[in-house]
Amino acid sequence: MRKIINDPVHGFITIDDELIYNIISHPYYQRLRRIKQMALAYLVYPGAVHTRLHHSLGAYHLMQNAIEELVQKGIEISPEEAQGAKIAILLHDIGHGPFSHALEHTLVDVHHEELSLLIMETLNVEFHGKLQLAIDIFTGAYPKTFLHQLVSSQLDVDRLDYLVRDSFFTGVSEGVVGYERILKMLTVHQGELVVEEKGIHSIEKFLISRRFMYWQVYLHKTVLSSELMLVKILKRAKELAKQGVELFATPPMKYFLIKDYTLSDFENDEQCLQQFLLLDDNDVISSVKVWATHSDSVLSNLCSRLNDRKLFKVKFLATETATQIETWRKQVQSDFSISDEAIDYYFVQDATSNKTYTAGDEHIKILFKNGELKAISEVENTLITAELLVPVKKHYICYLRK
Amino acid sequence: MRKIINDPVHGFITIDDELIYNIISHPYYQRLRRIKQMALAYLVYPGAVHTRLHHSLGAYHLMQNAIEELVQKGIEISPEEAQGAKIAILLHDIGHGPFSHALEHTLVDVHHEELSLLIMETLNVEFHGKLQLAIDIFTGAYPKTFLHQLVSSQLDVDRLDYLVRDSFFTGVSEGVVGYERILKMLTVHQGELVVEEKGIHSIEKFLISRRFMYWQVYLHKTVLSSELMLVKILKRAKELAKQGVELFATPPMKYFLIKDYTLSDFENDEQCLQQFLLLDDNDVISSVKVWATHSDSVLSNLCSRLNDRKLFKVKFLATETATQIETWRKQVQSDFSISDEAIDYYFVQDATSNKTYTAGDEHIKILFKNGELKAISEVENTLITAELLVPVKKHYICYLRK
Amino acid sequence: MRKIINDPVHGFITIDDELIYNIISHPYYQRLRRIKQMALAYLVYPGAVHTRLHHSLGAYHLMQNAIEELVQKGIEISPEEAQGAKIAILLHDIGHGPFSHALEHTLVDVHHEELSLLIMETLNVEFHGKLQLAIDIFTGAYPKTFLHQLVSSQLDVDRLDYLVRDSFFTGVSEGVVGYERILKMLTVHQGELVVEEKGIHSIEKFLISRRFMYWQVYLHKTVLSSELMLVKILKRAKELAKQGVELFATPPMKYFLIKDYTLSDFENDEQCLQQFLLLDDNDVISSVKVWATHSDSVLSNLCSRLNDRKLFKVKFLATETATQIETWRKQVQSDFSISDEAIDYYFVQDATSNKTYTAGDEHIKILFKNGELKAISEVENTLITAELLVPVKKHYICYLRK
Amino acid sequence: MRKIINDPVHGFITIDDELIYNIISHPYYQRLRRIKQMALAYLVYPGAVHTRLHHSLGAYHLMQNAIEELVQKGIEISPEEAQGAKIAILLHDIGHGPFSHALEHTLVDVHHEELSLLIMETLNVEFHGKLQLAIDIFTGAYPKTFLHQLVSSQLDVDRLDYLVRDSFFTGVSEGVVGYERILKMLTVHQGELVVEEKGIHSIEKFLISRRFMYWQVYLHKTVLSSELMLVKILKRAKELAKQGVELFATPPMKYFLIKDYTLSDFENDEQCLQQFLLLDDNDVISSVKVWATHSDSVLSNLCSRLNDRKLFKVKFLATETATQIETWRKQVQSDFSISDEAIDYYFVQDATSNKTYTAGDEHIKILFKNGELKAISEVENTLITAELLVPVKKHYICYLRK
């Protein structure tokens, strides 16, 4: 059992474990081929059409490398633990729906991590319990904390892969991260994943690159605008569907348009999860295309604009007062003769943080040669100051432009 | 007027012409964002999800460079001609539908180049005749032959871009082409595009790389298999639709399922072209997903297999006789209890050439320092022998595997 | 006149100007092929053996691109000015000797920029005054300040090239700079080179990458150690030579060993400059190799150690007191039975700043869309804080290790 | 024991074996830092200044990967054998002198492979016999043939590294080889190194890339010319030295100038090998620089030309008769008033093959899935025809140009 997959980012990815091969071949995993990693960012960066399947395969590859390095340094990792960690990272994003950040606020109001766990458990039944160790690593229940930290922490292989991959496919060279070097600097101290002293500058560089990608790519005005328009489209469509208005939709879209489901619905009604697992980018985009000619003018207007890339304008706010923003809003309303009912679809005030991406606390720990352990933010003379740790938050308005 | 687009392949692509910007912004062109350049090849190469829009922007960039080089060498090219050549290459693939090679044999039986011309003419009306020069260059009507050759010939910027781009996104490094060097070796002799003597080895390398990409990527067994399965799916769906069987489909899919249209339909019925321009990968994939549960067992079987990547096996034929193949076919039929009516959907005998990609004649001309002009295949001591010029043709069978 | 040079960093470098071609062909310029850009850094980074000729050709290429971009933005630059700026950057490092930072404190105590100017003036005579405009741009005498700033400022093409080139040849990916993007963001405002608002993050990234390269590469302990050892070797050899001790040396080495020359010697005695122009890495290294068996034990010891890469240890100082350092020094002296006279060759206390590289003030100016002009360090929410502007200064001791 | 070295070509090279670390640290190995891998090719490709140390470290890294792959495929390789193979490849080029191809025909007329073996044996004594297995693998005496083939055969890691490395540093992208893929296709059959069937196209590509590098780089006219000039310089200098003419030279240069040594001299006189081990590029180049002002006009003329890159012209011969060449020769002689005695220094007729690089027989064997074994040249439909296997041989004249 030995398969090789070409990856333009990492070279070759090797699969040499039957269970892992079977998981990758499973329809639930193959579904990730149809979900773009960076949602609508391709409207700005035409190359950014890579998929969640591709990213999770890449993260799996980095996990393989990380484990190999740690084993060479004398850290004990059994073959079962290695397999578990690899499966955990392969499946860490299995719960993502299409355009996840937009979807989770509209069509399917359940967090993707909760769905990932639910799907892993479903697969675990199908694979006769062989995924249990992977699940324990994923949830953090497994005692060797560092395995969980490789899957999910400030310095996990998930981030390493998506930064380097998103940078590769967008062509934004500034996001490139020396992940090979970082992997070589990782070690384990009292059960926790830490970084060797000589890796400090690489960690600095990694955090700065991530910061760069946020501002230049993930929170790019045009990306924000298109995602917001998709949110508004899905909200409007759902509203109409609930009112009984006739609306084209692929079957899984229709399922989630006409009713709201909570996590407990997913847990209790098998049908709910099955429908979710049928949903991907194609359903959303082909529905949006048809709605561009719907009789509801708000829906059709938003859809044809998103389709043809006639996007809303985004303006970051500095010192503007609520009154000024209100004036602005009135202006847009009058410029386009928008009704009071509809204006919320054409003029949005929002902030980026806690919404699309969050930076979180930077508790990356550095292990000094003298045995000392310090958080990177407490190391002297680094760039990683308190300021950098504050979550990214920018207020903006997003509105129909002339 | 100056826009910059990040391209991971070429770095930055600059747009500094209002007409070109408006063409790129046009919904017909934006549609190409939703059509993958390499169709189903992503089932083998997960990175191969780049779009026809991305490729044509890249080819436009190479055209810009090629023209700059030629002008520096003293070749006369007016600003209008430069603009025309750039528009011609931008739009050369505008007539592609989704999964073009599969589609053109089933759903829409019109060649994409004919549709490209038709769409260019439609745009020409909309842009008040400003695309006429581009159309003349595209069709070869314009007297400066070399401009047409830059758009379409054995050494056009189309091929240079797709080879390097497909190589980049698949991660198949062997397909990399030194396109920068080739562009620098181009010149014009008696109105024709030729290559300077010192470019011989680069041309050799280019042709060998292309050959490599055919065998390793474009004609990869799994790619052939998945495209053939899509052909069978679309044939079956069309058959059923024509028989009046109820079938989910997005509106433009439905339009082309229930009736056959010829080029003259496209020329005479505006609706026909409009529906075509609404069609993209999303319509095909979301329809195929729904059909996976259709009551017609042939359709649902093929669709769920393609969806879940449970693909047919491809076997290249060497000396097998017709009788042997017939035995094989019977075996497959009995193994899976397939009816006589259905077996053609599960066992296909075919050949690759004249179908997906053709190599064509290699009339690349070399201009020697002494003024002599020779076809590359007539130059001594090159690899480009007669054998290499024969169109690629491999017979194979493709069938349901156990 | 059109020559193309392969550059692994920038692709192809084009020379299409006869004067520039003749300058490049001149023996004074060709000499730069024999001087490594990064001196002894190859003892740590085996790939870092690229030459000053290669760097200055690369900077010339970036100047070509920068000028093209500015002209496209409507900035007036005449062909003569473009030629002048290109020559100025080609020759900006022409005054470097071998292992310049070591040499300038020992063998030839004249600053390389002063020698660059002197050599340009010599060439200007030989080329009948055709280098005058280049010289004026180099010295800043030419009224269009931005041309000088492209040659020498916080954001000149010199830095852009050396960062990306040093990063390429060392393999330290963290130093990669998106120079293509930076060039596209440059513009001219009131005669000065400034950066457009949307280039802020790229400038941040550039400064951070530079900072990274200082710590990880230029001021790498082993690099510091080897350069310091070379300084000590040259000091000792000069001492011995002046005392009349017999010493192998290539002729230009001998010339500078037996006497000290000042800038005015270079200006007044043609022979002095001619000998300097014969000096390169080969003279230093082959002399050092022979000295490894010299009867003077200090000289031979240092030389054989440098030759065989048995380098001194470097320890950065934190809170150590002068007394502690003195104890250390005594320890080294007693461990190796070093005489009082010789100990300064084996135990050195120093600091990095103002010596090998200086960071200088960061007066990169950002031009906002609203017309405002701000230094990057005054722009809110950037990483470029006061702290980052302080010159890099680290104290260390460097000594013979057990 | 764990050291990491940055390599721009392969990423990171890991050394985790004390013996290997000690070999790398040995002065004999460190000497390879001072010998350029591609000799004078940097006169055409300014980036081609990488060293033999860098190449052999790279080949060592590929050996590490190859062994890892083979072990994963179930091939038995003991830790001692793995260490032996790695040491063998590390030291395979240890016997190279500076500008080896020029040197071996003039200054030191002993083949570098014989010297490599001699030096390995010297080191083996110093390392108490721990290099014996490496030596046996190197000479082919060790029974597991495939280990020797990894070190030296048509598909050894030596070639894989130098092709990809030379391609990287010259910037000639056409020479890039998919070495990662080739390593993954290697396996062992009846004790011999073979390639799996699906690796055929990669092998084709590898051989074509190598062919490309020969024509475009290794046998580039200007490279041939400069190497030939160096041959002539060393011949002339040796002639003069033997005649007792006073001549500057570094000590090891002097040693080899005044007398000829054969392999048996190296074997019997320790001093001979010791002097050879002191010789590197710096000795040659610094001597050549001084000779540029020697009173012997032939020597000084050749040296100043090589120094300043005023190189001879190379013309490949097609159908020219001996009489025509003789006329040419006479013309050069009269144009520059060259004496009969001196003309052989200024006009050379030669052929490339069997001299600088030889192609050799291509006995790369392909293992088919059905168990069949075929030489690549016998596989149908490949590019690797008889023609390609014939050694490269081109006749040319090389002469002083006007």
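The chains carry the letters A, B, C and D, assigned in the order they are written, with residues numbered from 1 in each.
One rule holds for everything that comes next: a contact is a pair of C-beta atoms (placed from the backbone, for glycine too) under 8 Å apart; a residue touches a chain by one contact, two chains touch by 3 or more.
This is a predicted model, so every value here is computed, not measured.
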item	value
Pair of chains joined by more contacts [C-beta pairs], A-B or B-C	A-B
Distance-maximising chain from subunit C - centres being C-alpha averages	B
Rounded Å distance, subunit A centre to subunit B centre (Cα mean)	32
Whole-Å gap separating subunit A and subunit C, where each centre is the average of the chain's CA atoms	44
Between subunit C and subunit B, distance of the C-alpha-averaged centres to the nearest whole Å	50
Residues of subunit B touching at least two other chains	11, 172, 181
Interfacial residue positions of subunit B with respect to subunit D in the complex	172-174, 176, 178, 181, 201-202, 204-205, 208, 211-212, 215-216, 383, 388
Of all residues in subunit C, those that touch subunit B in their complex	2, 4, 11-12, 16, 72-73, 180-181, 184
Interface residues, subunit C side, partner subunit D - complex	5-9, 11, 25, 27, 30, 33-34, 42-43, 45-47, 49-51, 53-54, 57, 168-172, 248, 250-251, 278, 280-283, 285-286, 289-290, 307-309
